[in-house]
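Order as written gives the chain letters A, B, C, D and E; numbering starts at 1 within each chain.
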Amino acid sequence: MTSRPSPGLTLAAWLGAAFLHIPLLLIILYAFTSEDRTYTFPPPGLTLRWFGVAFARTDMWDALWLSVRVACLATLLALLLGSLAAAAMSRSHFRGKDAFSLLITLPIALPGIVTGIALLTTIKRVGLEPGTLTIILGHATFCIVTVYNNVVARLRRISPSQIEASSDLGARPLQTFRYVLLPHLATALLAGGLLSFALSFDEVIVTTFTAGSQQTLPIWMFGELFKPRDRPVTNVVAILVMLVTLLPILLTQRLSSGGDYMHGGGKSS
Amino acid sequence: QKAQMLTSLGQNEGQLSVIAWAGYLERGQSDKAYDWVTPFEKATGCKVSVKVAGSSDEMVSLMNQGGYDLVTASGDASLRLVAGGKVQPINTRLIPSYGTVNPKLQSAPWHTVGGVHYGVPYQWGPNVLMYSTKAFKTPPTSWAAVFKPQTLADGKPNKGRIQAYYGPIYVADAALYLMKTQPALGIKNPYELNEAQYAAVLAVLRTQRTLIQRYWNDANVQVQDFTNEGVVASASWPFQVNTLKANKQPVASVIPAEGATGWADTTMMHVAAKHPNCAYRWMEYSLTPKVQGDVAAWFGSLPAVQKGCTASTLLGKDGCATNGYADFDRIYFWRTPISRCATQGTCVPYNRWVSDYIAIQGGR
Amino acid sequence: MSVPVTVSRHRFGRGALITLLLLAPPLLWLGVVYLGSLLGLLQYGFYSIDDFTAQVVQQFTWATFASLFSTPSNLDVIIRTLLMSVAVTLACAVIAFPIARYVALLRGRSKAVWVVLVTLPLWASYLVRVYAWRLILAQEGVLSWVLAKLHLTSLLDAALSLPVLGGPSLSSSYLGMFLVFVYVWLPYMILPIQAALERVPASLVQASADLGARPFQTFWRVIFPLSLPGVAAGSIFTFSLTLGDYIIPGVVGAPGYFIGQMVYTQQGTAGNLPLAAAFSVVPIVIVMLYLALARRLGAFDAL
Amino acid sequence: MSAVSLKHLVCTFGTTRAADDVTLDVPEGEFYSLLGPSGSGKTTVLRLIGGFETPDSGSVQLFGQDVTRLPPYRRDVNTVFQDYALFPHLSVLDNVAYSLTVRGVPAAERRARAGEMLDLVQLTAFGDRRPSQLSGGQRQRVALARALAARPRLLLLDEPLGALDLKLREQMQSELKGIQRHLGLTFIYVTHDQGEALSMSDRLAVFSAGRIEQEGTPHDLYEYPRTAFVADFVGRANVLPGERLGRPGTQLALRPERVQVLPAGQGTWQASVREVQYLGAQTRLELDAGGIPVQALIASAAGLPAVGDVLGLRWDDAALRVLER
Amino acid sequence: MSAVSLKHLVCTFGTTRAADDVTLDVPEGEFYSLLGPSGSGKTTVLRLIGGFETPDSGSVQLFGQDVTRLPPYRRDVNTVFQDYALFPHLSVLDNVAYSLTVRGVPAAERRARAGEMLDLVQLTAFGDRRPSQLSGGQRQRVALARALAARPRLLLLDEPLGALDLKLREQMQSELKGIQRHLGLTFIYVTHDQGEALSMSDRLAVFSAGRIEQEGTPHDLYEYPRTAFVADFVGRANVLPGERLGRPGTQLALRPERVQVLPAGQGTWQASVREVQYLGAQTRLELDAGGIPVQALIASAAGLPAVGDVLGLRWDDAALRVLER
């Protein structure tokens, strides 16, 4: 029985999708509004002006660049720590294993403001200067879990006999890692990495507490939303980010759907 | 520890980092005409970086974090910074233009403690009563418009159409209202309230809670609320009034008979500022009449230097009048309420204002 | 079906030493730095603030924690936030389920398109989305405009006249805030549910039909219980994100404070870090309890 | 009345004809097997009967009623799935009671009837366990009890013993057969194990590439295979060219146990031993008779030849079967 | 020299003694099987030889060298895994060449040698495919070729044919045996299928609960089982109480094919037919001889009795084996 969505289900799904996307359409619409303060609906007129204004904002580009750097580095750090944790967890049982898995989940399960303030008190206590470094550390803390989850799930799917087979065929542990484990994990790492990039890229609350005088893109937007003028510029930037990120989303899609062959090592196809 | 005051200026450090209200330090990114940071950078070689803060509280916590040189603190933050030892005394001799500052502001209590100056006045402004000219056929003359339930000129009650500022400092607005309308309470200064006075003030605020549509915290959101949320009266800033008028919305503003609270911002310097020379140069530069006028034009505020009213083409010649320059004497500027107060021995301190005002907003 | 697999004692190498080496860096970061930070914050909860100097008094006291529960307005904040988090989580689950089920049933290209549709909102800036909702919810905003065109304004008025939930307009009522919360966190609920649904073997659905269950019965007795881990995983996000958010309650909704705002205001204002710390303990405790529960439901395998 | 009657069923997946003009008739009470190699379409036919696939053409009748377009839950049939498909979130008892639950049978009666079924499959004590806490053979029995609890008149079984090891499989075979007889049900049983099919079935159909190659009783199929495929799939067979046996243009099947081994020089053909496989009771010889490979099965008790020995072969002509091409 | 020599190996998991004092000696070039029911410790012993488990005590010697503490990649052994464990991300050729790749053999030579191995298993044309694009039998061959490409002197095979269907299994059995003979390698072969073990092995060990029950040639084990367990696991056996046969206090094994069926009234025992299983060449009878269940295997060609018939049974006393308790 090839289950097909029933009409009711289809309707519900489309309504849900509309709920998710109408606000996005509105954001797009208001990137073109000719009237920038009161945001009446429907907008009195449309203009391309805000794109020019947005592109001319050097502070926006600075913030964007900082966000990209922060997200990249935080993701890198999360990839490292997350994979290590996943590797450790997929090994034999050890005492405190459950506690550890709880610990890894904690930074994303606790509200950002708690994480933010907690880190801030520590940063102050050890006399660290809030800055790019502290932003990265803050972001990495809650990004670890996304990488961890992806890698752990993948490791669970790799049959242990793959690793044994490699060793059996004469591969030393590093070779096994290079030739067997890494190719298997690549897509999981990519998917986890992208997700953590996204989380870091759009994070406001933790950043508010761990940032020094630098502005990441969301912090810049926050300022801009408070600012008296040029509100549509934030919409323009939001659209920009959406367009640019569509590409990696599509990419992960590809990779994760192509991931089926990954457990095709068994007897039954 | 009390930081030592600088006695002479040295080499520029080439950098300066400032915590400021949005729009206080513009480098022409939003509008090329509004740029007073670039000229400063060109003139001094100090590269300026700005951290925008959304509230006085945020400014305090950012200063606590450290890593900044200057902050444009309002009166409700400045004394906390002084008391917390986060800012250093300013040597006014190193700021030649200090003398041009409006004399009433030069030694204002929110930045001068024991005769020592902890900053340089930057801008000020009143918290005016903004109202809809449709709902009020004649301009309201009392803050009662936002504190007392009443039926407005358009025939509908004011319930659900009133806004109030969300910051706990707004308690002072209610205190000011009582100070003038119930002299029997003996309030002498809206920032210095004993327990009995304080209780009466809270009662006023509780009554107001039933009228409130929202407590506003974002000037832009308030502009929207007046445009499409049916709000008709609120304590507000000239900025919102100007914006709404520019958008042809039917609003006007007034400083009612009781007077008004207001804010006066001071540029203050962190105790551990890493770039003190650039900081002093900025403080001097910030008093330039043209800068003062430009900021006022952009932000809808008033210059701390009288000449600022005439030195800026952006502000225009009526700018100061529009923004309420003449009302200086009727304004009770924001300061942090402290326990040891001048007028009555012991007063209710700010952290109680905070928790009680939060409770009132929550309907308690 | 779970096929019994022989698990070796040493999956990826030998001995406790390697486990320890692998574990050390993440443990150092999360266990020492992060957990240490949390404990450091907690410590402040046992301090108090001096009414006169407004300085933190570093002396052990239960008073600050006690004030959480003895001050009615503080208790209000906690209850208000909890109720909202629970409501948002339930609503997200209800709305997410059909979408997730639909996407899980799709194959090939249309599935890919839908997964992108679901994830895309996550990439549009959170702040911009929240502010966009103000436009929708305003008294003269998009929603009332549409409802007016459809002659359904009375519906909106009825909703707004609800006790507690309603208000002068959607954007200044709990109803509006609730909508925004649900909107913003919805994708976080859809994705794990969809993943869990995809793990329900098709043969179980067939077996159920074979045993005489109608499609709805199959859904209720087989598909739904088996996707609970996904719901639990998603609810960790929606629940805790609502619990700590301070931006949304500041932009839309009725005036009352939420825990996030409270923490934010208290730590900034007069530096009342002790009360802020005490307040942050509330979400910490609730989330811990919740995690323990979710763990029971197998949420950790579904995150 | 026929329990199942399939008429010209066709079911294609892409370009694969998984069921290709299948016509079948199973009388009530019969144990009927579908036998065939992997991919020959056995499961597909079973799924067509159960209602999990819709045929491209042709019809499915159950007990005289056309059900071609009915969904599974409207058919009076139950299935024991190849992977058992037990509900992991329900206890064993709840699994067994599932069909009663969805029909709204009251809890007390439900428990009683599910309990009976558990007794039947000898799992009385396991009602409270989860399926994951059972061994393979026990799971298999739960799947059976669950299907039987619905009191179907027709039970479909898709390689129900495939995952069990040899001893357990043999034990379950006789239990299954016993239950079928005891309850008088109709069983349609899919397997690729010819020994199983022969020993359990009343009748069976041999599938190849979506088609039925031959149908009949085990004895018919073993003794009178019509094609080389059936001859070799049901048991082993020597398929010999008619040229060497005086019947040019034909192929002939000869069962290995019908080949008699004699000392060299005697018998019809001479052959050399290529391989000796000791099977316990019997021993299989692989022989080379002048280029034609021949298998013979002899009792181990007799003396065994060695690889390379030359032997004489003989057979009864009545043991030869002419095959269709 | 022994290829493998295990001395008093003990390996426990928690409270399970998966290998319990296992001592074994396999000469070079032998096809040696480990036979036993599920969970009896066959895989564990294989993993101990391969180096995937470390024994709690005892030692493992390969070709005279003690390797007890060496990791798998330092042992001159290769394994064909139960689930094949092919690398899904590598092509078939790269899978086969894996052991050469990790040893740094130059690409050209690597391809050549891997190609040879593919020729050997008759998969020359499949080098560019992914494992997921192969059928079960083909995957099995790739796993074999991959293990052989490393040129081990000893090959371990863990139920390599377990998942294949019957016909394919029989075909692969003879291919495996052929390759072993052709290359002169030592094979250690794990299976729970006694037919497979008997027909392929030079010698075999029967495992039960982590211990070796009996060891010897297929003929030894079939003809002279020492315990009831071996008698019944290697082939089928009637285990009869000595009391009824004049040897009180003992148990005796009797193979079903050694039971002769006679008309009622004749023979030593009288028995009624409880079940008749047609197996093609032979037919199995389940009989009840005064409360003692007896199986008999008779040629189908003779006339078959029906359920309920009473028959006489007889056997040669030489066919009885006294079992150890």
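Keep this in mind: contacts are C-beta pairs under 8 Å (C-beta built on N, C-alpha and C of every residue); 3 or more make two chains touch, one makes a residue touch a chain.
Note that this is a predicted model, so its numbers are computed, not measured.
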item: Those chains which touch chain E and also touch chain C; value: A, D
item: Of C-D and A-E, whichever chain pair has more C-beta contact pairs; value: A-E
item: For chain A paired with chain C, centre-to-centre distance based on mean C-alpha positions, whole Å; value: 17
item: Inter-centroid spacing, chain D versus chain A (mean Cα positions, whole Å); value: 53
item: Chain B and chain C, separation of their C-alpha mean positions in angstrom; value: 36
item: Mean-CA-position distance for chain B and chain A (Å); value: 39
item: Multi-partner residues of chain C (each touching 2 or more other chains); value: 8-10, 134, 138, 140-141, 206, 209, 215, 267
item: Residue numbers of chain D (touch at least two other chains); value: 51-52, 71-72
item: Two or more partner chains touched - positions in chain B; value: 64, 218, 224, 227-228
item: Touch list for chain E against partner chain A, complex; value: 50-52, 71-73, 77-79, 81-89, 98-99, 101-103, 130-132, 135-136, 139-140, 146-147, 150, 163-164
item: Complex contacts: residues of chain A adjacent to chain C; value: 1, 3-6, 9-10, 12-13, 16-17, 19-24, 26-27, 30, 39-42, 80-82, 84-85, 87-88, 90-92, 94, 98, 100-115, 117-119, 121-122, 125, 140-141, 144-145, 149, 153, 159-160, 163-164, 173, 181, 198, 202, 204-205, 217-218, 221-222, 225, 234-235, 237-239, 241-242, 245-246, 249-250, 253-254, 257
item: List of chain C residues in touch with chain B within their complex; value: 49, 51-55, 71-74, 76-77, 80, 134, 138-141, 167-169, 171-172, 250-251, 255-257, 262, 265-272, 275
item: Residue ranges of chain A in contact with chain E within the complex; value: 159, 161-162, 164-172, 175, 179-180, 183-184, 261-269
item: Sites on chain E touched by chain D in the complex; value: 37-38, 135-136, 165-168, 174, 192-195, 198-200, 218-219, 222, 233-235, 255-258, 275, 277-282, 284, 297, 299-301
